[in-house]
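By written order: A, B and C. Residues from 1 in each chain.
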């Protein structure tokens, strides 16, 4: 290598000295540090509380279900149960979709409910970005600070006519470039310290160290993309005004415009019919399955014939099992199959939409880093879907568990006569031990490996951005002109 | 060259200014196109839903005529909140708050909080609508247009010459800035007006929106003029102004939101449903009077028919559905009031953040704000009450289901909106 | 004859530092007065006071007998100013620049008049519709001088007008300045160029650390003695 590392660090140090002597640079730096500190502390406090709160709510919900008195099993199917999605430890850095999706689901027989009560609905509406998280500060605000401090690295020397003497000293353009990038990189690294601390807090609360550090690394790469771009623009353009104008334009399009264009493009390319609309189709499909509450529905004639043949009896009254329970069980299974088909179709559509939108990361590293950060932190769309699927598994298990009790623990005669008198109604109940069919639910985000897998695409986008910008920067600095 | 024409010509010769104005125009143009597309898609969806609802209602009505209880149990009713003509400009909360619901005679609290939200990744990013361009992007463009108006002249040594040459130097700086503010306002408003006429939004609304935008830009002009009045360099000006933009457009809204949410507590939404569910489920095991007594308090006219025979009767079933709502009512009212109070306080505090104020104002005009969402919720509640008023008498009196009676069944109608 | 420009006990502070102290001089119509001094002597401060861009702490800068601060507009109407290293707009041509600045000054000038002025300062006709960005420093200076000419004011203020020009251009410029003075204009130029000042000035005021420390006057025949001025400027003699 022709450029000595000591020269590179000398150049970088000179840049730092300049910043430290500028009152406006110090003021900007302090303001940003203050914002990072405030958002980090607030987000950390909020999500630590939420994690405890939701874990607690989950326990309460389970206890409540288990402590229900003796009841008709189908009543418990409708009594239902709640599951809560506990935010992952790294939500203290990036809350991701947590704030826009509901965090709990009510589980009951015959229905797949949507997640309820997203924060956004009840909280104050003030437009714009609304909430600031450490993630959004690093994505949106810090690049502005880098621009403010870094845009002049070359163009300042050019305007002050100090570039020619520097080059005349035998310092190569590439050495200068490396020194200036190093100065901004060191600044970025210093600014990443709070995030590193947050990720270590994440590790302390049980997150895998690999993904925790990878989140920090992704933001590091992102800030490096900015540093490389800023130095490149400063080297390639003639005047400060033009450099600043171009950088602000890039910032505007990367962080404000492109992400929203991506959303518009994705929703145009993959239009979503919405749940309500598919519900009509679903209802039409379900009508073919028969009403599981009505054992006389002709849709269950085949089931009836099979059971009669299996037990070799002539009427449902003679069956050793409760026919009404069998109908409930069979219809729940059929119903769930149809509902899952619709749910899977909907989730697949959402994933396609998100992939389409995230593809715009090739145009905006800001979009790429947000996708990478959400995937790595376990607060992405896939995690939400995982929650929906796991909730559905819990739902199906306990409903079918209760239906099984319905089949085995309650006689058909007692069941059909349950509305005749108060005494008959009491006979048509089963004991609370049967409620233990409910599985304990503790939502866990995907494993580190799965998350790295999901983040592969945005990480490769960031890598391509970084290598391209550095390659162009080195190329441009070779032919650096004063 | 006359004084005013001279500075317009000067602006025309400024390439950087033209580029920024073009960006502004393109952003506003794209925003209204996206807005119009989204609104058209929402209207289409409502039409499709209405058609699907009609088919399904015919099927369920035909299949469940044995008694009023079954008819009410199986029949869903579509309600919807169609976008207003001006909604293209500010899509507002329509992504987060439901604008379509299907309800039936069961406890309303179990139905009205269902959401049919779009892709959460989208909700996270937000929409590219005119309100966003006007509130967030326009100030940045104005900053880029104005921040170096004087400092650039100072840096290139022209400032003294301009001052010494100009017959009215204050007029010079004023008209230079004014043309830029005017040009930006113009390029932002032209797409808005075109889209407004295409969608049939009233001229008065377009006019009010234009005034709001102008007021917003005038605020920023004042801020920029203040910063420019310091004798700082262009770089320092720009850094300071972008800092102020961050403060007003990003940090202040986040702080307002956080403090409003902290200051005004709202019951956990989940608690409302939980309370209602518990009440409905417990009712099965309670003596029937425990349900019918609170029920007839609300419906004294039905008292003569409130006697329940046997262990199950539809009127008892629906009575405990309603009592479930009644039990959850304090929470539900608190939830509604809380949201309304949060919105009102946010509206007052939004004066601290002109971009937030503008976005809220545009959403108000577009009928896509929190108040509009609450209003729709109230409409659904009123409709649900109509359904109860329709079903209860024949159900309690044990009348037969007839075509003539079914023809009287209420349909959701969009009330005339007083926005 | 009343002086067109007059500094009366002019004292100016900038950033709490006294940069001009009790300076008095006058410039009559038809006269070239050179304010000579080193860096930081207060030359430009004196000039900016006449433009009303600085407000005196005490004393006054007077234009045609009236204090500049009393009637700024009137003062500027009769004053043309040629800044140091004059840079007009680089993205505009000579014609466009002149049209723009003349409009600013509310001075009417048709294209023929503009071309006459450009002829007089010697800017090649083929360059006149090209952007100033492509001009040499001397050419830019010529456009700025043309602007001063076109303003057609009785008073001219020149700030280091020849710095950065080549010797031929300086000669041309000095000739032009003399001819402008002969048209009965009052010309105040501030410079650190001893030779140039001696060549064109009728009188020279020597400024040091904000104070007027000496004066020279052109003899009836010939020029001010360069050597004497130089000696005084360098502090070797008291003028």
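Here is the rule we use: a contact is a pair of C-beta atoms (placed from the backbone, for glycine too) under 8 Å apart; a residue touches a chain by one contact, two chains touch by 3 or more.
If you're wondering where the values come from, they're calculated on a predicted model, not measured in any experiment.
*Asks:* Of all the other chains, whose mean CA position lies farthest from subunit B?
*Replies:* C
*Asks:* Could you find the two chains linked by the most C-beta contact pairs?
*Replies:* Greatest count of contact pairs is found between chains A-B.
*Asks:* List the centre-to-centre spacing of subunit A and subunit B in whole Å, with centres computed as mean CA coordinates.
*Replies:* Centres of subunit A and subunit B (C-alpha means) sit 24 Å apart.
*Asks:* Measuring from the mean C-alpha position of subunit B to the mean C-alpha position of subunit C, what distance in angstrom results?
*Replies:* The computed centroid separation for subunit B versus subunit C comes out at 64 Å.
*Asks:* So, what's the distance in Å between the C-alpha centres of subunit C and subunit A?
*Replies:* Averaging C-alpha atoms per chain gives centres 69 Å apart.
*Asks:* Using the touch definition from the top, list the residues of subunit C that touch subunit B in their complex.
*Replies:* 48, 51, 53, 73, 76-77, 79-81, 83-89, 91-92, 96, 99-101, 103-106, 144, 147, 151, 157
*Asks:* Spell out the part of subunit B that touches subunit A in their complex, as residue ranges.
*Replies:* Residues in contact with subunit A: 16, 19-20, 23, 27, 30, 34, 37-38, 41, 45, 48-49, 52-53, 55-56, 59, 92-93, 96-97, 100-102, 113-128, 131-132, 135-137, 140, 144, 148, 152, 234-236, 238-240, 242-243, 246, 249-251, 253-254, 256-258, 260-261, 266, 268-270, 273-274, 277, 281, 284-285, 310-312, 335, 338-339, 342-343, 345-346, 349-350, 353, 355-356, 358-360, 363, 369-370, 373.
*Asks:* Applying the document's contact rule, which stretches of subunit A touch subunit B when the two form their complex?
*Replies:* 24, 28, 31, 35, 42, 57, 69, 71, 75, 78-80, 82, 96-97, 99-102, 104, 106, 113-114, 116-118, 120-132, 140-141, 144, 148, 151-152, 240-242, 244-245, 248-249, 252, 256-257, 259-264, 266-268, 271-277, 279-281, 283-284, 287, 350, 353-354, 357, 380-381, 384, 418-422, 424-425
*Asks:* Applying the document's contact rule, which stretches of subunit B touch subunit C when the two form their complex?
*Replies:* Going by the criterion above, the answer is residues 1-3, 6, 9-10, 13-15, 156-158, 160-168, 172.
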